[in-house]
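Next come two complexes, and both contain chain A; in the first it sits with chain B, in the second with chain C.
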Partner chain A sequence: MLLEHLAGNLIQGLVLGAIYGMATMGLSLIFGVLKVVNVGHGAFIMVGAFITLWIFNALGLNPIFSIPIAFAVGLGLGLIFYSLAIRKLLKAPELSTLLATFAIGILLEELVKLIFGSEFRGYNWVVGKINLGVTVLPVAKLYACIGSIIIALLLYLWFNRTRAGSAVRSVVEDDEGARVCGVNVGGVYALSFAIGIGLTVASGVLVTMFIPVGINPYMGGGYTLKAFVIAVLGGLSSPYGAFFGGLIFGIVENGSYTLFALIPGVEPFALTRFLSFVMLLVILLIRPTGILKAK
Partner chain B sequence: MLRVRELESGYGPMQVLWKPSLEVKKGRITTLLGPNGVGKSTFLTTVFGSIKPWGGKIFYEEKDVTLVPTHKKVEMGLVLAPEGKHLFLNMRVYENLSMGAYVKKALAHKEESIELVYSLFPRLKERKNQLAGSLSGGEQQMLTIGRALMTKPELIMLDEPSQGLAPLLATEVFKTILKMKAEMGLTILLVEQNAEASLDAADYVYIMHEGVIKAEGKSEQIRNSSEIREAYLGV
Partner chain C sequence: MRKTVQRYYPLFPVFAAYFILFLVGKNVSGMWQLVSTLLFYCALGQAFNIFLGMTGYVDFGYVAFMGVGTYGMAIAITRLAHVEALGVLIVAIGFAMALVMAALLSVAVGAVALRLRGAYFAIATIGVNEGFRFLIEGAKIWNGSDGMIFTAQLNQILGRETASALSTFWADVIVLIIAVLAAFVTLFYMKSKIGYALTALREDEDAAVVMGINVTKYKIIAFITSASFAGLVGATSWALKTPYVFPPEVFEIHYTIEAIIIVLLGGAGTLLGPVAGALIYGISKYYLSIFLPGFQLLIFAPIIIIIIILFPEGVIGMLKKSFRDSTLMRFII
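Up next is the complex of A and B:
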């Protein structure tokens, strides 16, 4: 009985964690290459959520189709914001890029609010559930998990098996070293920022796939916080580190939710979110090098 | 092969280079000498393009390359083995060398270039699977030069390749530099503080002081001028 509970929670946690991990890879890629912390991360997830919502309601298309569309929109947004703002700020003190990404986040939120309004929205994608014996998994969540794993694998292959990927890895290691090898470092910055944003907007689709409610312009904040915790868990500058950080975070979040729910009079959702903060603080206290390691 | 005219650059508001001019002839070793902090590394990084020139002109093979970006210069055969090495410390030795063959023209000759680097530095071959971060200082210096050679350069700029090396190892490095000139037909722009050894290796010498070229001449002329030696080299 207890073992079944454990197995069930582990499966739920891993499925959730894979999605969280994927939703953090963009943040880590951008930090690893450009040393820019994208404070507007959650707003890009929100954009992905609205793309999914709009495509589902207006065109009647399955959310799976929204993944490549969201990625493409993210690439475009990434390139635009990179050339308009980030590129010029890379040599400025770190606070400038922090403020810039913060401002970009607010800009996106207000733009989306202008177009769609600020009420909570949702859609209804009926795909059912599967009973795994130890736990019941919504099929939509399973799709989101599989999608996350496929995207993580594609990123891994791109990173390690292609010429462009090797250029990105070299810049992560040492940008002057990359320059003397003939790598176009400015181009790598632009490409990595665009792909990082593309991944983040696409992750908005995956997240929305299994939580098709509560979509509103300000939904991103919680995801930004979670992504920071996961990125720090994963060592901050590696997208795969982020993926594995996501798995750990998913297991902890899911497990603690189940435990909190057992305590009478406790609202488990709020407490779980509070736990994210606690985790971030604890990691930073025990291993402040987690953040500095990337330097 | 390389002509630099009245180059100016610096960091933020601080100007470091005050219009030094310099010429590198094909197939020769040209040395830029000078004490600490006079702007030798700034000169090389500005010529390479990691730092944008504020003024002056750079010609490579008669083409104006003053504002040509670094990756295009590497494709044109102009490369830098930078001060501070800038290796990829979490990659293996052979991965660092492979990265050196990043540009298309180098990629086509990757295998033969690696063999060439291994024959020049057998130590790197023995340690090819080791992480670059775990190499000794001398081995890292060899890897920095090796990685630059992997780009199939015609002109290689070496920033203090003997820095921090024991005398015996430094001699070894200078021998290799002479080999690179004689056997590989490379043109070399060498920055050094080690006056004795680099005067021996050089064909032509420039002496920099506070961002300005104070003296120049054939290696023997500099060596025989006690005036220059006392004023700028302290030997």
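Up next is the complex of A and C:
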């Protein structure tokens, strides 16, 4: 009975993990290329969630259509914030970009609160459920999982099969060297920041397909923390590392929930949140390069 | 002798500002509430500046130390309220608890996080307040998510009148004392080996290491000092002023943001900066909340970005630049 329950939760965790992974790729891309930590990461996920909600409620469109729209909005936001703030701070001490991205996150939260209010919202997209024996998986979650995998594959192809992708990879390796070889490093920075934000906003759509309730301007905070744990699991500067980090994190989170629920007198949900914080510290301490890289 | 006195000249403007604040609050009717908030921001800014300003490291989990300090006071009061003989001493025990608990947490966090540099440090601290909150709620430590309310205990041991005087007046005076102490410690650190080592670290950590400076040691000193003051501020401004504690409130990241804004606005790493930042931030927030309620963060977020891009040295940093080498500068660092 317990094993069945655990197996069911692990499958849910794997599906959720794919979404977590996709939701972290933007963070890792931006850190890998610009060496900027986007502390306002969760706020961009929240923007994606509100885009989905608005499109679903106002236009009645299927959330899947929101993915490209959210990506486009993210590209635009990324370019705006890059040219207004980040570009001017690349040479400044780390403190500056940390605080700037933090402030950008607050700005987005407050703007969304101004427009939509701060109450919790949700939408109801009925597409049925699949019974897997050990667990029942809503089709919307399955779509979100497949969507995440497709986006991750597209990013992989863009990175490895296009000219722009190899320019980005060269900057990740060594920006001075790339500049010497004639790569437009400034352009790569702008492009990577925009794509990173685009991916993050798009992931907000997938997150709401998994959990279509609890959408509010401050929902991003929890995702920021999770994204950091996942990014660090994957080595912080590799988007694919982040994707696999997400899978691991989803499994650990759901598996530990099942185990914590066995301990009497505790709140298992709060403890899984605590565990993610402990994981973050432990990994940073013993393997700051991520657990997937073999040195 | 003259040299040692001159060394402490920069404390004059800081203490003058505190003194004027106190007088205004005491003598102008209806101002005490604003003054009490401003004193809280001054103490918070001074305390946070010891770490953020002097090392250049961003601690996003700073509020956790204030939260733990609040719990320290709460635990002392709830557990010892039945010992009638203690009287006002119970508050002193509460402060000791707050100090010890904040210092212990900072040692635990610092031991892990301070091994990491720059961005990695910031990432490690971003979950400290949330992590601690969820540990308290999840493992149901100290009443878990139910929190603690100790108004009755405080009334019982101090008597109703003293307890009310404590929360409406004396708590603010204690915050003022904490702010004064924090300013003093800041200047003491600046003028000692610790300050020089931290300046070297802030400018170029690699070079500082090469010069044989044990940067980790000085970072930890600044971290623990700053965290201990935060614990005291939490114990006073939160536990004594409003005798209850709930995990979501005392681990709210919002207060870390306010501390960051105050320090940056005034000038990170300067002595007078946090005071200037606290006054500008506190007064503008107070009047914004009257004229444009609910819009404070929406207004402050772009302001942070503008400050970082255009005035990274803050108000006092800019003053220092434009009045360099004048006698006035002896009083401002």
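One rule holds for everything that comes next: the second predicted complex is superposed on the first by the 278 of 295 C-alpha atoms of A that agree within 3 Å, B and C clash if a C-alpha of one lies under 4 Å from a C-alpha of the other, contacts with A are read in each partner's own complex, and residues count from 1 in each chain.
Keep in mind that, in the parts below, a residue touches a chain if its C-beta (ideal position, glycine included) is under 8 Å from a C-beta of that chain, and two chains touch if they have at least 3 such contacts.
Just so we're clear, the structure is a prediction, and the values are computed from it rather than from any experiment.
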Inset, instruction - Considering only touches as defined above, state whether A:Val39 meets chain B (first), chain C (second), both or neither. - result: second
Inset, instruction - Scan A:Asp174 for contacts with chain B and chain C and give back first, second, both or neither. - result: first
Legend entry - Partner chain in contact with A:Ser96 - chain B first, chain C second, else both or neither: second
Inset, instruction - Pick one for A:Arg163: touches chain B only (first), chain C only (second), both, or neither. - result: first
Inset, instruction - Look at A:Val136 in the shared chain and tell me whether it touches chain B only, chain C only, both, or neither; answer first, second, both or neither. - result: neither
Inset, instruction - Have a look at where A:Ala85 lands relative to chain B and chain C in the superposition and call it first, second, both or neither. - result: second
Legend entry - Touching partner for A:Val278 - first (chain B), second (chain C), both, neither: second
Legend entry - If touched residues of chain A are counted for chain B and for chain C, the larger one: C
Inset, instruction - Over in the complex, which chain A residues touch chain C? Could you list them? - result: 31, 35, 37, 39, 84-85, 88-89, 92-96, 98-100, 102-104, 106-107, 109-111, 114, 221-222, 224-225, 228-229, 232, 260, 265-271, 273-274, 276-278, 280-281, 284-285, 288
Inset, instruction - Would you tell me which residues of chain A are touching chain B in their complex? - result: 163, 166-167, 169-170, 173-174, 176-187
Inset, instruction - Under the touch definition given earlier, write down the residues of chain C that touch chain A in their complex. - result: 56-58, 60, 112-113, 115-116, 118-120, 122-124, 126-128, 130-131, 134-135, 137-140, 144-145, 253, 257, 260, 264, 268, 295, 297-298, 300-302, 304-305, 308-309, 312
Legend entry - Residues of chain B defined as touching chain A within the complex: 48-50, 69-71, 74-75, 79-82, 84-91, 98-100, 102-103, 106, 147-148, 150-151
